[in-house]
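One chain, chain A, links the two complexes that follow: it is found with chain B in the first and with chain C in the second.
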Partner chain A sequence: MEAVTGWWDDYFWGSVIVLQVFVCSLILMVLFGLIGAAAKLSNNRFAQKLAAGYTVAFRGTPEILVILLLYFGSAITLTAIAQVFDPEVKFVDLSPFWSGTLAIGLIVGSYATETFRGAFLGVKPGSIEAARALGMSNFQTFVYVRIPEMWRLALPSFGNHMLSLIKDTALISIIGLNETLFVAKQAIGTTGKPFTMYIVVGCVYLGFSTVITLTVMWLEKYGNKHMESAR
Partner chain B sequence: MIFDFELIADSIPKMLMGIGLTFQLLFLSAILGLILAVLLLLMRISGKWYLSWPAQVHIYIFRGTPILVQIFIIYYGLPQFEFIRDSIFWPILREPFGCAILALTLNTGAYVSEILRGGVLGVDRGVLEAGAALGLSVRQKFIYLTVPIAARLSLPAYSNDFISLMKATSLASTITLVDMTGIARTIVSQTFAPYEIFISLAIIYMILTWVFQKTFGRIEKYLSRYVKPEGLA
Partner chain C sequence: MTNIAPAASPETLIQMKSVNKYFGNFQALKNINLEVKKGEKIVVCGPSGSGKSTMIRCINRLEEHTDGHIIIDGNELTDKVKDINAIRREVGMVFQSFNLFPHMTILKNLMLAQRLVRKTSKAEARETAMHFLERVKIPEQADKYPVQLSGGQQQRVAIARALCMKPEIILFDEPTSALDPEMINEVLEVMTDLAKEGMTMVCVTHEMGFARSVADRVIFMDAGEIVEEAEPEDFFLNPQNERTQKFLSQILTH
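Let's look at the complex of A and B:
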């Protein structure tokens, strides 16, 4: 393990990047998931088709392919656009951080679409009728009745989606994001200790997933505390 | 943005040359993974701590870390040790193919074992009580009652995991294997046409996903043929 000594700070900053990607892609994932679910549950035929296409495409394609496509594709498109304004420009790209974050946000968002859709459908009709009887507006019903009931139903799957997100950040190292796996590659270059270096990466991710799992367990307990006596 | 259709028509046959390797990785690790999953499941439900703990540790580690890190640890990491290079497993661990199979098997085994456990826990207690009333032994109850019902219950989740496994095989391209993704990455580095190549490959994977989903749907229907459809019950 002494080979790792000089690398702890690099691993630390790599973990910070993992965390940054996780937080940004989590926000995107919730956003895409809610939009997708809203489109699937809407009466608009076109929106339904679009959302169906979105989930089929991103659930049927390997994650690494989406990441590569977004990174290299954005480079070509952005360079082409930039050259229209300034022919001198040679190369513009979306940074690995943002193309990777967007990619995993889109992928896991497609899974979240199904989760949120199922959870909204799982809200009991009785609760909504009760809200109507109390004279709540559509918006009030959504905020005070649908959301509180829906997030408890969505939580177990949502926890799994968060685990997918944190694990998918490792794939972004392929396009050159300097997260922990990338740090390990550099460290191996100088120390020649691949096993030790990759095990550290494994431990970092194991730590992150453990924290997420425990948080979700706590949230589930917290979310269902009013149901305890009924069980 | 103009699509170069000639390039697409040119590269699809090239990428399809890698489908054999994709299938080999997929089916081999799916079968080995299923065997591992059943073993892990039996260890977990054995009720003996010295069997159940190792299984739980395996599941915890392999579900808690990215598959890419697992592949790298096995392919790049293990040769760090002299005793592995001297062991009888070296001919397998030396090859990227063997390492990819090993990593995918260990990974999918952990996930599938949890799925199967869900199926076993979902078996109605009444059925097992009926079995006990008929004088079936523990082993008979497991083989004739638990296994068929648990298989049916866990199939939908298993089909999802099978598709995840198919998507994970594309990571073999990171350890020099030339599966479909590996070929696509080579073509892109030569032509720098990521849209054409990666989108056509994505469509190939989507078609595969669709075929597997339909096949599993068929199997599911077959296994539930004696289950009353909902609404009539």
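Let's look at the complex of A and C:
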């Protein structure tokens, strides 16, 4: 274990990056998921098709491919655009952090689209009718009735999506994001101790995923307290 | 919709004129004409699929009528969302399956629409909620969740929730049909109390005892039409229409 000693701070900052990617991609994932679900549930044919295409494309391709395509694709596109304005420019890219975060937000968002869609459909029509009959506006009904019932239905799958997000962060090391797996590779290069170094990475991810799992369990307990029968 | 129908007398709260309603090719309501005056209690009965629920759901626009006019307290129901919400504020509704918000306590169920729609203060909404919970005789359940209550209690809460909005009219859509027999009376008692206090009520129900003792008029519907409309005494003892006679013989012989 003493081989790790000089690397603790690198691992720490790597973990911070994992956390940052997680938080940003989580926000994007919820955003894409809600937009996707709204599009699928809308009456607009074009929006439905677009959302269907989105889920087919991102659920049907390897995650690592999406990350690579988004990173290099955005680099080529941005460079081309930049060269229009300034021919001197050699290379412009979206940082590995943002292209990676965007990629996994899009990927897991495509799964979340289906989760949210199902959950919205699971909201009891009676609750919505009751809200309407009380004179609540569509927006009020959405915020106070649909969303509170929907998130409880979505939560178990949503917990899985969060685990996917945190684990997918490791994939972003392939485009040079200096998260923990990236740190490990560097450490192995110097110390020649792959097992030790990868175990540390494993522990970091296990730590994060445990916190997520416990949070989801607590949320489920909180969210379902109205289902506990009277004692 | 060029001409708004002529104003009815100020006493008239609900006015339906030549209302038709189609679901696709199926005509659910055929030329419905109905007037309900302030303080009147109307019981609507008829075989299942006869359009009773559809009719009262048109009154607060949970269903959209295809043509004809529906005028609630002088305001015609049109497509304007603002008008619809304004009318819904004045028209309470109690559903067959209670439809309480499952994730909220009883008290919050009662307070939500008051706060959002009536814009009352929190304290006032709570006071009103407790007042009506006492009226339906279950103030001790205020902090429980709907699932923890019996069906009869849930339906009483649903009635209290409608009352909290201080509506002009309450519509009941088969309020006792989903209840176990021993719970029907507690709900009917609350409804009878309401009737005595002068609330304007339109009830779709098969509780003929309730109809007899409470209703000012009983309306019998079949196949989307109002077939017969009479005071309860006449309706039960001397039904005019053959279909009414058949229906009554079917439900009253047991």
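One rule holds in what follows: the second predicted complex is superposed on the first by the 229 of 231 C-alpha atoms of A that agree within 3 Å, B and C clash if a C-alpha of one lies under 4 Å from a C-alpha of the other, contacts with A are read in each partner's own complex, and residues count from 1 in each chain.
In the analysis below, a contact is a pair of C-beta atoms (placed from the backbone, for glycine too) under 8 Å apart; a residue touches a chain by one contact, two chains touch by 3 or more.
This structure is a prediction, so every number in the text was calculated from the model and none was measured.
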| item | value |
| --- | --- |
| Partner chain in contact with A:194 - chain B first, chain C second, else both or neither | first |
| Chain B versus chain C as contact partner of A:124, first or second or both or neither | second |
| Touching partner for A:226 - first (chain B), second (chain C), both, neither | second |
| First (chain B), second (chain C), both or neither touched by A:181 | first |
| Contacts of A:148 with chain B and chain C, given as first, second, both or neither | second |
| Touched partner set for A:137, first chain B, second chain C, both or neither | second |
| Which partner reaches more residues of chain A (counting touched residues only), chain B or chain C | B |
| Chain B versus chain C as contact partner of A:11, first or second or both or neither | neither |
| First, second, both or neither for A:77, with chain B first and chain C second | first |
| Contact residues common to both interfaces of chain A (with chain B and with chain C) | none |
| Chain A - residues contacting chain C, complex | 124, 126-127, 129-138, 140, 144-145, 148-149, 152, 223, 225-230 |
| Chain A-touching residues of chain C, taken from the complex the two chains share | 60, 62, 81, 85-86, 88-89, 91-93, 95, 97-105, 112-113, 116-117, 144-149, 158, 161-162, 165 |
| Residues of chain B touching chain A in the complex | 1, 60-61, 63-70, 72-73, 76-81, 163, 166-171, 173-174, 181, 184-185, 188, 192, 194-195, 198-199, 201-202, 205-206, 208-210 |
| Residues of chain A that touch chain B when the two form their complex | 56-57, 59-66, 68-69, 72-73, 76-77, 80, 163, 167-171, 173-174, 181, 184, 188, 193-199, 201-202, 205-206, 209-210, 213 |
